[in-house]
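See the structures that follow.
Below, subunit A partners subunit B and then partners subunit C, in two separate complexes.
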Partner chain A sequence: MTAAAEGAPALRPAQSRRTSLLQSESAQGFALISPTFLYALVLLVVPILVVIAHSFWTQNYLTIDRTFTLENYRIALTEPIYRDLLMRSLRISLLVSFFTVVLAYPIAFYISFHGGRHKGLWLFLITIPFWTSYLLRVMSWKVILGYNGVLNSGLLGLGIIDEPSTALLYNTSAVVITLTHAWAAFAILPIFVSLEKIDRTLIEAATDLGDGPLRRFMRVTLPLSVPGIVSAILIVMIPTVGDFVTPRLVGGKDGVMIANAIQAQFGKGANWPLGAALSVTTMAIVTMMAAATVLIIRSAARLAR
Partner chain B sequence: MSGLRKILSNWLPAYAFLYIVFLYLPVIFLPIFSVNTSASPKFPLSGFTLKWYEELPHTPALLDAAWNSLMVGVSAAILSTVLGICAARAITRYRFPGRRTINGLLMAPLVLPEIIVAVSMLLVMLQLGLSLSLVTVVLGHVLVCIPYSLSVLTSGFEGFDRSLEEASADLGESAFGTFRRVTLPMVAPAIISSLLVSFTISLDEFIMAFFLTGTESTLPVYIWGQLRFASKLPGVLALGTLLLVGSFVLLTLAEILRRRAARRTQNTGGVFA
Partner chain C sequence: MPERSKSERPMIEIAHVTRSYGAFKALDDASLTIREGEFFSLLGPSGCGKTTLLRMIAGFDNPTSGSIAVDGQEMLGIPANRRPTNMVFQSYAIFPHLNVEQNVGYGLKRLRLDATEEKRRVEEALAQVSLTGLGKRGATELSGGQRQRVALARALVMRPKVLLLDEPLSALDKKLREQMQVELRRLQQAVGITFILVTHDQYEALAMSDRIAVMFGGKIAQVASPKEIYQRPVNRQVADFLGGMNFVKAEIVEENGASMTVDTLGFGRVKTDKPAAFVRNGKAATLGIRPERLRVLWDDAKDKHEVAGTVVDRHYFGEITHLIVDIPGLEKPLSVTETNNFGADDIPVGAPIRLAYDPDALVAMAD
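So, the complex of A and B:
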């Protein structure tokens, strides 16, 4: 130590002061964020690891048998009931993310390119219903789509239908409509942000070079907004697969989703390891589906350019 | 070309209008049917009444749930804002390894299926032998609120000019004095906005509360229980309307404050005015 210090007396103090300053800068930052970080670690990361661990265990009445087994995954992946629920949940979340993004894109485009001074107000108007209770929004769809609900009684009153339609509530399309409405705002924000980032001179350049509005949109605006579309899809697809309020309130027998099965395992069914395996399977498969969708969109965007 | 543009420029505002209608229409039905005399929500409306609202204060279970929601909301708002302040300050002020990873972790509850987060927490609580109560609900709500607090506070702290703090210190102000007289006035709107937003999220949050509560219920859990009974629907609609109005007021306040915070930190000249 001393020999080394004597070897470079002029250089060392300055260098060590700089590293210690850097260290203290990162140390301070880390110390400041550590309460929040620890909170998320203890209440999010550890619980998820515990769930993963449980998915490899079995349960005898109230005691957990900690011998490693893949039996839960076999049940989760091969039992027809869980397989069907999982496939239906994936189909629903795929449909919901498709509709949400397709419906949200023009709005995000309108606000970004034609919003003018009122961009902030528009965004606020659009996010407000999203902030309000999710349970209440689902409930209002139950009121609208019900047998004696708003839509049926309204259509009856107008003489468009003769008797209440049962096609509206308690099926998969009711779940898709409700979720598309519930997640609308979530898709608009990321698309809006990516449209805002587009350099407007690129669009002018395309116009100068003779591209019409449609061609300009397809070849410049749309490909450049792909990051926003991608995050919108991720932000809608992954959470919707695990929804259990909507299927319970408006889904009926045909609209039950995997989350209802997961909930049953942690409630009356009381088979935690199976519930854990169902959770892990759902997460893994929806992540793969989301990744595949993102890849397809990215390569499509590359082709369009 | 100009024809297409004309169609587009007419079509987009019309679409935007319809979209707003689609967003708001379902929500509007709650207040409409909460003042309707008929017990089932259908057209034509049968008459105006406030009786569903008058019944609300005479339901002890509802009052308990409202009190519980208030307690949970206030605790969750304070906790998540304090944790959010630490994180937002660290992220906007310091550079340290793992900053992005930690930020990603803190934002993760936003994109994870809520049921999986809730079920994992439930499993840990039960394993630890903790009895489920409003405390466990608060713990869950804080986790859900942190992403929102963090983004509100980060946008408020960003662009915060550190030279102002340094100037205050150079002019002989103590560390506490600098904090109270320089830092706090600039970030206060963002902090209040974070408190309001987290309170609203907690007030409306259902899934975490449903899984993590013991025998006591919060307002959304109470509503969920009532939904099984068709005859209770008007009361639920009235309660839902009150919740909607409350959320709307709180969020509007939060948005106004957030904008003020953003203006303050960007336009430092206005701070001392």
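So, the complex of A and C:
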């Protein structure tokens, strides 16, 4: 008792020292993130504001008329060509995220549950293709899928087809295949992390309560890895909608996506306001689609219980 | 604890079970029979193989050699999900994405009961662990004690032949732990299921069990009732693990079947039971006496059996005092616990003291 009473006054200065330390710590924290914060502000927020501003203006040959108008949005939303491109982009990105996740999940599962001591090595091996430039990887798909490509020669050699198929390259599926491959690792990682976080005794508990391997996967592992699946889908879906390199290189006429149209407006078309309106529309729709996907998966997981 | 008439039918038969990790044996030729309806504890220090044994009964691990049978049926080759056992995990392993009701009903889903029957069994299990009304709570909105009850209900609702509990109380604070000990024991008597409890807390094992197996380094040292284990430990290790014990060197003068007569320096000539597992080591033997079996003799009180010495140290524990008493002739001072009713906490260090003992409390044991 006396010891505690003696201890009390001695504690007070220590406490105040701690709060002042905390204050200076948070100040230090702000100081630490401020370069990044400024960087993000200048390179992310400002360009987006510029784009949004442009979307309400009009292009007059070389000058820009800065009176407020919604005409660009009318064109973006009603012109069939843009609507079609947007729908196709959304469809491609949905397909790509679906296939990427379906292919990535078993890999992530295998590494997490059967990787043993070599988990790090497996993850490292998965990143190896990403040591080369994205362009090179797209080009290599051209080599695989092309008229005289690896796939055609192989199929010819096996006698499965009589003449090289032109159905492989320069269309939507070529874009889907290339993008799926390109984004695989980005989908594997979040799924892997969410699988790693699952307490293994939960799986033992499910077994103990009578579940075989398939049932316990469906009832425990899969629902608990939903956050990883959701982030994988978002990580893949959002950037693929706006991809323009892949459709340009392997998409041909059928594989053109909305980003190619946007690029055309900022480039050859020289209609920045329309390009801006298309960008903003795409951004808004992607955001809605992402939110909808998250909601659908979450409620599906909840219903599955 | 009232004694119940219990079936002698074996529920679990563990025969010569060994579990090796390379050259290391986590379990070394363990044999054990656990009876139907028994509250059985596996007691031992950390790393002695308790969890290993429990997990092999549950089917999460397989013996390197030996066999395990549950209710007469050999378990080898039967996967964990088809064994008539259920487990309460040390971490409780509550499914975080399910609420209390769904957690408790998890194993019932597979049985395809009709909805009302399933609901009734879940309610019944929740009532058994006093969680009625908490069915809709999320798994993350529970206290440690509540999580423990959910884990218990989830296993009990399956009506297993054997319930396995791996240190179920070790994560709870002292007060809650003592309350749960009583509840767990009462629950076991109510449902009549065979319970196997793993613990490293000797008081927990003594307070709850019908029988205890004490384990050291992968070997089972003794299997007996709590009283037997406490009063007649087979060796020094078991004696030490179950609380304080004064060891006294002795020399065997005469052996007579199950009893023997020994000479000690401090306690003179004593006749004692010879434990079944007694290992003879020439004429030397070790006797042990629990600190609370030594009684302080006040003023001119007399006893048939007494030793005299000097208090060399004193530790105060509230309701009891621990005295360290040096007895001429003994190589180590005796430790004595005395309740503080008569002022044992006031005996000064250095004071002469006389202690009474019951010769029956002196037990022979292997080293």
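Heads up, the rule we're going with is that the second predicted complex is superposed on the first by the 281 of 305 C-alpha atoms of A that agree within 3 Å, B and C clash if a C-alpha of one lies under 4 Å from a C-alpha of the other, contacts with A are read in each partner's own complex, and residues count from 1 in each chain.
The definition used in the following text is that a residue touches a chain if its C-beta (ideal position, glycine included) is under 8 Å from a C-beta of that chain, and two chains touch if they have at least 3 such contacts.
Just so you know, these numbers come straight off a predicted model, no measurement behind them.
Chemist: After the superposition on A, what does A:210 contact: first (subunit B), second (subunit C), both or neither?
Modeler: The answer is second: A:210 touches subunit C but not subunit B.
Chemist: Taking the superposition as given, does A:126 touch the first partner, subunit B, the second, subunit C, both, or neither?
Modeler: Only subunit B is touched by A:126; subunit C is not.
Chemist: See if subunit A has more residues touched by subunit B or by subunit C, and give me that chain.
Modeler: It is B that touches the greater number of subunit A residues.
Chemist: Return first, second, both or neither, reflecting whether A:227 touches subunit B, subunit C, both chains, or no partner chain.
Modeler: In the superposition, A:227 contacts neither subunit B nor subunit C.
Chemist: Applying the document's definition of touch, where does A:199 land relative to subunit B and subunit C: first, second, both, or neither?
Modeler: A:199 contacts subunit C only, not subunit B.
Chemist: Quick check for you: in the superposed arrangement, does A:252 touch first (subunit B), second (subunit C), both or neither?
Modeler: neither
Chemist: On subunit A, what residues does subunit B touch that subunit C touches as well?
Modeler: After superposing on chain A, subunit A residues 212 contact both subunit B and subunit C.
Chemist: Per the contact definition, I'd like the list of subunit C residues that touch subunit A in the complex.
Modeler: 58, 60, 79-82, 85-87, 89, 91, 93, 95-98, 102, 106-107, 110-111, 154-155, 158
Chemist: What residues of subunit B sit close enough to touch subunit A in their complex?
Modeler: Residues 1, 4-5, 8-9, 12-13, 15-16, 19-20, 22-24, 26-27, 29-30, 33, 40-44, 83-84, 86-87, 89-91, 93-99, 102, 105-106, 108-117, 119-124, 127, 139-140, 142-143, 146, 197, 200-201, 203-204, 206-207, 211, 220, 223-224, 227, 233, 236-237, 240, 243-244, 247-248, 251, 255, 259.
Chemist: If you look only at subunit A, which of its residues touch subunit C in the complex?
Modeler: That would be residues 199, 201-202, 204-212, 215, 219-220, 223-224, 301, 305 of subunit A.
Chemist: Under the touch definition given earlier, write down the residues of subunit A that touch subunit B in their complex.
Modeler: Touch list, subunit A to subunit B: 25-30, 32-37, 39-41, 43-48, 50-51, 54, 103, 106-107, 109-111, 114, 120, 122, 124-126, 128-129, 131-137, 139-141, 143-144, 146, 148-150, 152-154, 157, 181, 184-185, 212-214, 234-235, 238-245, 249, 259, 262-263, 266, 272, 275-276, 279, 282-283, 286.
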